[in-house]
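Both of the next two complexes hold chain A, though its partner changes from chain B to chain C.
Now for the complex of A and B:
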């Protein structure tokens, strides 16, 4: 009790709660950060490699490993959604109501926040059988910058973590989706940018049927 | 004017609730709910969730204004980006109350749908939202967890005192 600040909150249960000695809590910190606040990429790469080896323990296969990375990213997306919107100027502080608005938020705001640039392309699946699939293309994912995937695991793309973040944003906004990361750089082979961007990654966003149903309803009204 | 404020998670689960009264026009900040009807507040607030779910897809604004009315109870809503809802039940003092406490029609207390009231509630919600985002920034907070922080409660109380 000795180190309780004088202005302690009027909480009844003080059982397990510890108060910071300087009286500053998370509520005292501003939500807006300065534009130049950037993190060291080296330390991120180090942390990320540890996260991958952590996820790699006791996995049954590559799918399982990607699933674990996805799960690690998911809560981050849920939180970033609220953070990114509160940092918007009040006039544009609106919840995304349709898929396009949501994907734009991801392509522009989320990408700029995480990687300091926008995603390279946004595409809708041209296959008429899968109108629920959208693709976010990143030519050179920052998370994969220092990762060389061994030959026997060529299916693996560690950007599954970023896919998890995207999935978190979609789920949070009320657009439940399944997001997976796929490497396409090497498959395209002869194709123009395929050769230029060997690390090219496509994030495949597959929305649930209910989302499209609602989209059609809202679109009809508007 | 008495207020009942609740934060409802994405699974329609309550995360936080707080009851307070007006601090404007010499109010003492104490809620004056009818003791017999007080337990109904939670029902009234939760029953408005259906309407919120309809309204929230018609406009992208977070502040949805008054969404529901149940007798003398008005319910204002604020939907966050993460689909968590802030609901504020406001109950103007009953018209049969002693006339000495009646207020001018432009005051926040008397007219729950006036632009002034809407503006005040909007400011209240915005301040709570800022603190809510700070609360969820905690790495130990997972979505739909109850918010227990006494600091958060203190800040909501301060916002209520400031605007309502």
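Now for the complex of A and C:
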């Protein structure tokens, strides 16, 4: 072991984290370096599968499990908001100031960054009693590509993790919201094999009352 | 040209999946008989892989420069095909000892390609599913769906 490059010996200010031998962490890398980088879907699938197994430990129910997945995604969203904005051209680097701009940022930039394509649809709730609800539709979420949820847990949608990321972006931009993921593929198709998109998922974004109030004051112009 | 059925046997010899694709193909067999078939096949496979003629092992000293991995012998394969007048049973044994048995027509071509594709589907939709417990019966909708559409495509060719 003596001839292995050991890098910096763990200092007093470091926890047990590994430190690369040349001393350069990811914080030294240019932010645009990984802009077009791609990752293996298989390794993500295994990692995500382990994340779900981890979240499943000692949960009290499906709601609790979804909440845990949501919490795992939240910090990611907070950080991605900053990263995605800094990658914008300098003139449009401001954070979104109204709901529509924010949702477009999520639908286009966030989705392209995470999944390599845009989200399939963006809708506003048609119910007049819930003007604070918006829906982002993904026909086949990448995170659910290999997941079959057992019948006794049919309420569960593992895209709750992505909902957590969206929630992080909304919170980071100053639009506090609750985001939940719902499977709609099976109801909509009605057929035996669940229509064209059996994994169709709706991310329901429910903004807080204060956000709507502010939006009304500024007249949606930002 | 028809694929009749698929059976998956775990490494302990238990039946973890069985599916019939072509109703007019094989006669119906009770689940109990299928379990016996799985167990028996597993045992016969284990014995046949021991029957493999011993290959002369390369001289250790001459290949000492190679890494240990390079001169590791191929694992013995064991029973691969079982054929009767009306059907043919092809076995595919994975590195971990899971066996895929595909019952096909005797004239079916490229069964090894088909069975590898089934293995692909298995490793995607079963092994990457967080709700599947290893060595337990396979109950994954997604796997069923993909498998059915793939086999249907082959049977209609």
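Everything that follows uses one rule, which is that the second predicted complex is superposed on the first by the 186 of 222 C-alpha atoms of A that agree within 3 Å, B and C clash if a C-alpha of one lies under 4 Å from a C-alpha of the other, contacts with A are read in each partner's own complex, and residues count from 1 in each chain.
In this text, contacts are C-beta pairs under 8 Å (C-beta built on N, C-alpha and C of every residue); 3 or more make two chains touch, one makes a residue touch a chain.
These numbers were taken from a predicted model, which means no experiment stands behind them.
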After the superposition on A, what does A:146 contact: first (chain B), second (chain C), both or neither?
second
Once chain A of both complexes is superposed, is A:123 in touch with chain B (first), chain C (second), both, or neither?
neither
Could you look at A:174 and tell me whether it touches chain B, chain C, both or neither (first, second, both, neither)?
first
Of the partners chain B and chain C, which touch A:198 in the superposed model: first, second, both, neither?
second
Kindly classify A:42 by the partners it touches after superposition: chain B alone (first), chain C alone (second), both, or neither?
second
Touching partner for A:213 - first (chain B), second (chain C), both, neither:
neither
With the two structures laid over each other on chain A, which partner does A:81 touch: chain B (first), chain C (second), both, or neither?
first
Regarding the shared-chain residue A:64, is it in contact with chain B (first), chain C (second), both, or neither?
neither
Chain A-facing residues of chain B, complex:
56-62, 79-83, 129-138, 142-143, 149-155
Which chain A residues qualify as touching chain C in the complex?
42, 45-46, 48-50, 52-53, 56, 146-150, 153, 158, 193, 198
Which of the residues in chain C come into contact with chain A in the complex?
124-125, 128-131, 139-143, 145
Per the contact definition, I'd like the list of chain A residues that touch chain B in the complex.
9-11, 17, 25-27, 29, 31, 75, 78-79, 81-86, 93-97, 101, 172-174, 214, 218, 221
